[in-house]
Amino acid sequence: MEEYIISLEDLKKLADNLIKEGTDLFLPSPDNSRFVRLKKADELKLAPEARPSDISAKQAAFPKCDPVLFYKRDKSTVELKDAEPSANQVLFGLKPCDAAAFGIMNKVFNWDYKDNFFNKRLENTLVIGLACTYSDDYCFCTSVGLSPVSETGSDIFLVRLSDAQFAARAVTDKGIQFVKKYSQLFAKGDSSKSKPALESIKGPARKFDSKKVKDWLDKNFETDFFNPVGDTCLGCGQCAFVCPTCHCFDIVDEDYSYSEGRRMKNWDACQFSLFTLHASGHNPRDNQAKRYRQRVNHKFKYYIDRFKEILCTGCGRCSRGCPVTIDIGSIVTKIGNLT
Amino acid sequence: MENIYKPYLMEIKEIIDETVDTRTLRLQFRSEEDKKRFSFKAGQFAEYSVFGEGECTFCIASPPTRMDFIECSFKQVGKVTNALRRLNVGDTIGFRGPYGNWFPVEEMKGKNIVFIAGGIGLAPVRSVILNVLDRRKEFKDITIIYGARSVGDLVYKRELREWQGMSDVRTVVTVDPGGETPDWKGEIGFVPTIVEKAAPKSDNAVSIICGPPIMIKFTLPVMMKLGFKEENIITTLENRMKCGLGKCGRCNIGNIYVCKDGPVFSYSQLKVLPQEY
Amino acid sequence: MADIISIARGVFENKKADILIGYTKATSEGRTRPVIVRSADEVQNLVLNSSCLNNLATYLTRKENKGKKVAIVAKGCDIKSIVQLIAESQIKRENVYIIGVKCNGVKRSFEGEDSKKIAEKCLNCNVRTPHLADETVDMSDEGLTGKDEKAELIEKLDSMSAEERFAFWEEQFEKCIKCYACRQACPLCYCERCIADKSMPRWVESSPTKRGNFAWNIVRAFHLSGRCIGCNECERVCPAGIPLSLLNRKMVMVAKSEFGYESGMSADAPTLIGTYDLKDKEEFIK
């Protein structure tokens, strides 16, 4: 793999070029709550030591609200117009647990019918990943096949060498093309530069065997294991909405004038009690324990059955942000120890 | 860019009121091209939409052997079904589909077929009944057992009468005890009881059962008693759906996408699914 | 004075309640989380300290806890919400066994800089000693300190022009992702079907767009005016970091200054929103 060296100053120059070309740049907000557009290049900051932003970067390909078509009613006729997903974007400084999520979601958005809203956005996105030096009690990337230094999902992967200098690896073709295009900013480097930095990264303390978790889930659908979680889970959408891999959505129409409006995909979550409620009042998942069971099973069993991937990158967001600190990492660790 | 969420536009050609809260729409594609392109199989469903209100899921109630119109029958229960009721002949609705799997009509050739339906559950069954009747010679004995809460709740009354008049179809119509009118000539009793009484033969037979969960629950043991094999009892599920495309996650039962792997399931398939329907 | 574990044991041994809602350690040091215990054998992991941020009263109106006799660990502000729930006829006094916490204030947040500061609500707290309780327990931790930054912000917002204020909230609400964590954590958001979930008609647009977010956050603030007791759980749990207390506190201030009403103080006094008075003022509406 090609490795380069780029200084923070040159990264800012790169950002400046991109902004001038009309590319949208996104990076974690100063309070680290979410991804925001970078307006001025000299505000570019890369913080491998920061915790994962409270809300993931999935919006880049799967926005919280994604128009799919526009309609115009006129008496008894209707005119439809396609929605077109947005222009080019670059995501700066994604943690491996954010970057890897796009490939995981890609499976469900393309296994049969192709969701081109997701696809087009992803196609127009360049992901600049960043080796992560943070970890806390809620992280567990290394138990779901990733690590703080995994390049999966990144087109270019950065490793901080010093406050002012980064190693940059061109991971994908897209990344290689990108580096070529801005080659005056990237100096030739080699892996000896990034190696010590990468080796010093220890990663999260939490470890569990995801195969054992699946083994237990395979055999224990009917269980009272989730009852204590159901006791305190509030049934909000926080865990799903901040999660980089959750992809449930609702389809909703909204008028914006008397005769015009749009249809859109809005984030939805299996923890909401109305998610599965039928008109008759029958609800297949009629309590919070069953809804949390769905969450864990979908992530650590169903998605693997279906798409051979764990629907979780171990970022710990759902747990850190949970109003009642329900910690998926410790829950699946417990499950892993049951077999 | 191909947009899987973009519906066809359909014109409402005719409105038929089945009961006080259930209505059938006869729809025609606004575009000739769409009409030519479109094909489906009995048992499949679609997303119907009123622009500005949203989408909802109904099965296609007409058979693939009658392509002049697409028909759906719906019960007024919520936002979109209410809005649909406000529409008139000539109005436009959106239609996405067909989605999901279908009844195994080809595999049913040469067999005896027993249709059992309750309430609006007759809608998906009607598609396959008409499909089979249009190809009558390819199938052996046909039994239709249909029940509703009351005489007023029976849907497709015209067709029920038609089927009752056919010499090569056995049609039994029943209403729940207390739901009869003074001049009611059909059966009185819950569907499972009437099935037991009618005792359709199970050899070389396939059965299609659709209706409220409670009806299905009590009909299944009767079917087993009559000797039907689990794999020859076929039903449809009605988990909530949004996309119909295996994306939105709404319809999941375990690792199954009801909108893709279903909605048609045999009882033997259902038995191994988690109890989440 | 008895600690929370022995008090909880006593609750079960003396059959004072069927279940007890309290706090237990969370995964990381410095955090706690809610827990429901059902017998004296389960009480040993209960904790009580300045990391007990949650307002557990939100569980009192849950379907599965209704009709049960529930013991609950409650700080003064949490007790305010219990009082308000009683006043609004959502729970019965005799069905809650209140273990009131003599409180020194809690942390502003579990982690980071804010974990070293006292929560803003605690700075002007008038219920550090429980105003309604069946027994009390000391919170062992030392008092924290900090500044009321929100009070300054509220003043600043008050001095803004309507346009500036609108711009401020526009920027804040744009962030909302419609996760409804605020509603789910709120002890007084107990409606069986929230207006935001009603679709016929759809009063509040469900989309997390500018319009839908404004509708949601304004409606929620309205529905809590004269009712919010200031536990600030909504703001604490909001993953988007929207300063919801600016709205709710302002509402509390108006209720107090214009109507002399403070929610959560008396279970017997008529509620502000539930009473019509010919003398009710209108001129504060701008």
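So that you can tell them apart, the chains are marked A, B and C in the order they are listed, and the count of residues begins at 1 in each.
Everything below uses one rule, namely that a residue touches a chain if its C-beta (ideal position, glycine included) is under 8 Å from a C-beta of that chain, and two chains touch if they have at least 3 such contacts.
A quick note: this is a predicted structure, and the numbers were derived from the prediction, not measured.
A complete topology is adopted by the chain contact network, contact being made between every pair of chains.
Of the two chain pairs shown, B-C and A-B, the one joined by more C-beta contacts is A-B. The centroid of the Cα atoms in subunit A and the matching centroid in subunit C are 31 Å apart. Centre to centre, using the average C-alpha position, subunit B and subunit C are separated by 49 Å. With centres defined as mean CA coordinates, subunit B is found 39 Å away from subunit A. For subunit A, the set of residues touching two or more other chains reads 250, 252, 254. Residue positions of subunit B touching 2 or more other chains, listed in rising order: 78. Residue ranges of subunit B in contact with subunit A, taken from their complex: 1-7, 9, 11, 49-55, 75, 77-78, 88, 90-92, 94, 212-213, 238-240, 242-243, 245-250, 252-255, 260, 274-277. The touching residues of subunit C, when paired with subunit A in their complex, are 26-29, 31-36, 54, 58-59, 64, 110, 175, 177-181, 183-185, 197, 205-209, 212, 233, 236-237, 239-241. Looking at the complex, you find that subunit A touches subunit B at residues 68-69, 71, 73, 76-78, 80, 82-84, 108-109, 111-117, 120, 221-222, 247-255, 261, 263, 265, 268, 270, 275-280, 282, 284-285, 290, 294, 297-298, 301-303, 305-306. Residue ranges on subunit B touching subunit C, taken from their complex, read 78-79, 82. Interface residues of subunit C, counted against subunit B in their complex, comprise 199-200, 202.
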